[in-house]
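Next come two complexes built around subunit A: one with subunit B, the other with subunit C.
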Partner chain A sequence: MVRWILAAVAALMMTTGLAAAQQGPLHIEIDEGVIEPLPYALPTFINEGAGGLTSDITRVIAADLSGTGLFREIPESAHIQRFASFETPVSYPDWQAINAQALITGSVGLSGGKVVVKFRLFDIYSGAQLGDGQQLAASPQSWRRLAHKVADVIYARITGESGYFDSRVVFVSESGPKDKRQKRLAVMDYDGANISYLTDSSTIVLAPRFAPQGDRILFTTFETGFPRIKMMNVGNAAGQLLPETPGTMTFSPRFSRDGGSVIYSLEQNGNTDLYRMSVSGGGAERLTNSPAIETAPDFSPDGSRVVFESDRSGTQQIYVMPASGGEPVRISFGEGRYGTPVWSPRGDLIAFTKQAGGRFFIGVMRTDGSEERLLTASFLDEGPTWSPNGRVIMFTRESPGAAGGAKLYTVDISGRNLKAIEGVGGASDPSWGPLLP
Partner chain B sequence: MHLVTKAAMGLALIALAACNNPSKNGANGVVDPGGAFGDGAISQGSINDPNSPAYFSATVGDTVHFVVDQSTLTDEARSILSGQAQWLNAHQNYAAIVEGHADEQGTREYNLALGARRASAVQEYLISQGVSGARLRTVSYGKERPLAVCSSEECYSKNRRAVTVISLGAGS
Partner chain C sequence: MRMDRAEKIGTGVSAALHAAVILWALIGTWLFPPTPTEPVEVKPAGMISEAEFAALQAAAPKAGEAPPEQPEVPAEEAPAPEEPTPEAVPETPVPPEKPATPPEAEAVPDMSDLTEPTPPAEVTEVPPSMMPPVEEPQDTDAPEFSPRPRPKPAMRVAPTPSEAPAPDAKVSDTAVAETKPEETAEPEKPVEEPKEEAAPPEATTEIVTEATEAEEKPTTSAPKSSPRPRTKPTPPKPDAPKPATPSETATAAATPAKPAKPAKPAASKPTSSDAVADALAEAMAEDSGTGTGGLGIAKNGPPVTAGEKEALIVDVKACWNVGALSSEAMRTSVTVRVDMQENGHPVSASIKMAGYTGGSEAAAKQAFEAARRAIIRCGSDGFPLPAEKYGWWQQIEIVFDPSKMRMK
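What follows is the complex of A and B.
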């Protein structure tokens, strides 16, 4: 695993005149729905001995920002001012002339075996720097993380919300024909880079879930011949099966928000209910008791409630109940079937998979079921997972037919900016981990 | 508790070649490593020998089908399962794993639970026909192991199934 060597978010006061960060008009209010992306300029950072990493880091920052759909890069060929050094003063009229609203300057150097990135953000219309200059350092193999960190800072300064670029996603890597699909557990950066595999393809693995702390994952494995829940340390891929009652099937696990317990489905004699157990052992506590299928549970961010799906009404629908069990309240009432609910990290929305009219949709609704909005539609979309800041949803999209396959997609909760994550190959069941420290 | 000898494996290849239907393995030839019932998911023996697993698969019929999102046994399914129960009652040295499957028109977790319902419905029926529950186990593959790979009802109807996979051994 990549280690963040020097988490030096040591804000250097690299500016001379500005004592305090100036809050100019450079701001995107995401809630209002961004139609016109904010134009920004990102001249290739000044190379201070880092070689090709300089442009690599610059391009990843640009990919992060432009990839949100909130920002649009003005190509470097259109830039008027050229920076000879990181300390070259900004000529605001040159950037106003090409309609840049934000300007990001920076340098990349090497010091003591570490890559050092310095950067500044400027508000062109206000003619002032936005926030302090910053310096970050990490080992060379963590250069992509450096770039993501810079982009997260810029995103946060302009939107007022935390970013999501320096984060990882655990998923199931798929290969082989549809009737003999091979599945391996894998983790990647949020943008599909740095894939590493946690299991081989000797057994079916399903639906991994990151711990909220990002240190462990839970998933379902057929390694015993029967579905069982396994917990794995992400750092060393060491895993252990959770205890189980013989003759039962366990699946669909999810960590509690403190990472200390697991909520999951247990099937016995054909009936599936929800249970909870501590990750440190001890008995299982039964949370639902109905002849229907209860599965796909997730906790509210404060840990007090659980959202899950049940077909107790006759078809799959979404319910909310206290985390300790108790009477569930149905919240989905639209046409069709609703499953795989996941609670937004902001607490305000629940994302779900909907099936209606032979198609699948990813959507969001308020936690009381109101204001349902469908964000995607296809032959088969399923299994949403939230970005750490609750602004983006990643999910599985499977194409039909004998040659069909699964890919990972993201969509903004506005429904805009739908795109596939490229370079990952066949992939399903993403679970988005936390913003890394 | 390893149930299939190498000699039997050889026979299995012959039997499979003869009926040219690898799908009879239920899990499509995927063995269950370390499973409680061993890696017995292989049809063995001659299709013409009424005492052979190949006969069970091909002639008695190891698969029953279900309607969309249901686990209720159809009349046709009950008829096949009655034959399975008769065979199992006459061959007490075999145990069985009932595999439940779903088509791809459903979410992953729900389909796992639905496959379990189907496998359980078959298990209950076999028990009602006199097969000891100690010889039976169930597993669900959800939508993970389709037999037919097109994305239309023609294939979905084949994939909504429960397969009784037998192997030598008393079961427990």
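What follows is the complex of A and C.
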């Protein structure tokens, strides 16, 4: 009997050894890494007759990339290799020595009255160029857009998703004391540069919304004494009030994804419901019919569904329903009140404002309400809007006190890289437009 | 059995002594009557009259006198004292063990520590009278504090002699013009060491948002998010067992064992499972070391243990940076194969993606690039793999699965 057992054990070990000897490569699984900004080097582009624009463009590219929180620039003083020309070959060991993982080289010149930027991106540890070199040209006045374009290309090549730097944001510019605040519509670059005002401060304006195409803006104005929806052309600031039923108030508008129709809230006889109308005219279509207040609608990226807030359950919560109307489905069930839902351009998340425990939060959840994550928390955070690539959320943060004011902030959807947009002053109600062509 | 003479003597002596003791017990009391003891007066303490108690008090020694020895009186039999007035408390010599202090006496202790806080100044109309005036210190003969003992003179000698003091300044006989600092001569700034500017590590394996680190968290135990059920792990692809061809086995048998290189220390502590793996490896080594019929195991040695695998994992994941990956790439698991050199360095050109799951091809490409960077970066110093087991890790397959680090 003992002999049999010994023989069986020996056979088992032989079999195990055979299996081990015959298996392929050593197999390991890694499910945890590190989250840190990717170090990159950006030597000042070679000046090929562009003067000061060379360093200006280089700095804007660096600000774009480092501002995402995903990349960290290695200071130029630490660089070992110096580039005499755009064609200077890259010495990879020199960049590996300072732990650079990506290298951007380029040049800026003038040609035919236009600024011409050439650049290349290198993967240091692969020892190869990442994508082809590229050349962009624009008028000298648009040199910032040129830099944003370069940064967008680099961002896309490294992360695999499109950038968001060459985009604009419409918002409400605020000035004056809190009890007598003046509000104007304004448009700026995503980073707060190039601010231009679309309205004066004679009337109150609220909740501007970019068209998905970036050519028009919807907002609520009090120029008639009552809230009404106005559509404005961004190019020439020409606007028109949308038709309405007498004795009603309309507000909280949002373009459909094709820009052909508008969904909005209409208050009549003390009841607020959602309606939809074509921007080219025609009658309004009622989408909800309940005694509760339904407002802050937004379309899904495919245009098939609408997310909005309603207090039909007794408290302010988020609901989703078909774009043509129908039975809404509540998706927010956490503690507190939820509002201002905004559908991500990717379609996978919904950003929202949450109020609980005397604080305000900006958060995201899946379209079915699961995986709710709160990204920010403060005295007053509200009004999220998505970047064109769905990676960043911009929102309004208001500080407490009589001297408090509203500012615009951005945060990555991971909750990292929370920062204020400097140089804008008082601002609220941002709406992020699409990437510019 | 007959007793000898000595035994008889002993038995006789013992019998005589026993008889004497019994006789003494019987008639000893009659012959020598005991002295009668004085009767003990037994009187219950409770029966002592108040006058007797007062007499005892009066006969008690005054302070400074040596107290006469007295029989202890049980505490429970002590007369219950009358409720003394607070004024009588200090006069009555109450023994420390006196029980049941009256309630009034509890008000006497210093309650200064328990007094209510002083009301705010703006609502106080009269100055607080509870604060005694600050008295000026009076000169008294009695020192308030004992003088600090003077330190003993040091008997030790410093190990190193102190520097000689500077010579006393002397007034020069001749006047010297006042010197002025040269305007151009600026003090030299200390040369700073070149700062390491090459990407200081700020890595983290966990994302903490402002909402989670806020001090005033919503008082709720409800989960902030409903966790998504984890995807079913993909079963490992069974590698088709390659039958060992005669030529391969012959080559394996003919090839001499490669010289063992010093193995790098494992970066992680061996776990309990390592012991099992090590034991199995040793058993297999013993089993397959010699004369196994050319299975190829003798060349490779024992297999890589779990601890050695863990050390490799720790090494690679330290360089696997997913911070710049897109959301879709964070949902993509890639399998990467890499050929290894015997010195533990990866062959960079051999790194290739063997497969991916969970994302698009573009996302897989981004995830693969991050994985490749991790292998090259951390492999530049060589992975901690035992050289004697090179046959087991000459090619490595690594699955990079960011699902645990996925943000959404």
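To be clear about the criterion, the second predicted complex is superposed on the first by the 403 of 437 C-alpha atoms of A that agree within 3 Å, B and C clash if a C-alpha of one lies under 4 Å from a C-alpha of the other, contacts with A are read in each partner's own complex, and residues count from 1 in each chain.
Definition applied: contacts are C-beta pairs under 8 Å (C-beta built on N, C-alpha and C of every residue); 3 or more make two chains touch, one makes a residue touch a chain.
In this text, all values refer to a predicted model and were calculated from it rather than measured experimentally.
**Student:** Counting only touches as set out at the top, which of subunit B and subunit C does A:Glu29 meet: first, second, both, neither?
**Tutor:** Touch status of A:Glu29: second partner only.
**Student:** Using the superposition on chain A described above, determine whether A:Phe71 touches subunit B (first), subunit C (second), both, or neither.
**Tutor:** second
**Student:** Please work out whether A:Thr224 is in contact with subunit B alone, subunit C alone, both, or neither, and reply first, second, both or neither.
**Tutor:** It touches subunit B, and subunit C stays clear.
**Student:** Which partner chains sit in contact with A:Gln101 here, subunit B, subunit C, both or neither? Use first/second/both/neither.
**Tutor:** second
**Student:** If we overlay the two complexes on their shared chain A, which of subunit B and subunit C does A:Ile158 touch? Say first, second, both or neither.
**Tutor:** second
**Student:** Quick one: subunit B or subunit C, who's touching more of subunit A?
**Tutor:** Counted on subunit A, the partner with more touching residues turns out to be C.
**Student:** Classify the contacts of A:Ser202 with the two partner chains as first (subunit B alone), second (subunit C alone), both, or neither.
**Tutor:** In the superposition, A:Ser202 contacts subunit B only.
**Student:** Overlap the subunit B and subunit C contact sets on subunit A and report the shared residues.
**Tutor:** Residues 358 of subunit A touch both subunit B and subunit C.
**Student:** With touch defined as at the start, can you tell me which subunit C residues reach subunit A in the complex?
**Tutor:** Going by the criterion above, the answer is residues 197-199, 201-212, 214, 216-220, 222, 224-228, 236, 239, 241-242, 244, 280, 283-284, 287-288, 292, 295-297, 300, 303-304, 309, 312-313, 316-329, 337, 348, 362-363, 365-366, 369, 372-374, 376-377, 380, 392-405, 407-408.
**Student:** Report the residues of subunit B in contact with subunit A in the complex, numbered from low to high.
**Tutor:** Residues in contact with subunit A: 28-30, 32-37, 69, 71, 104-110, 112-114, 116-117, 119-121, 123-124, 137-142, 144-151.
**Student:** Subunit B touches which residues of subunit A in the complex?
**Tutor:** Residues in contact with subunit B: 177-181, 183, 202-204, 206-207, 220, 222-227, 247, 249, 251-252, 265, 267, 269-272, 293, 295-296, 309, 311, 315-316, 339-340, 353, 355, 358, 379-380, 382-383, 398, 400-402, 404, 429.
**Student:** Quick check: in the complex, which residue numbers of subunit A touch subunit C?
**Tutor:** Within the complex, subunit A touches subunit C at residues 10, 13-14, 16-39, 70-72, 74-75, 77-78, 96-101, 123, 125-127, 158-161, 334-336, 346, 348-349, 356-359, 361, 363-366, 369-378, 390-391, 411, 413-416, 418.
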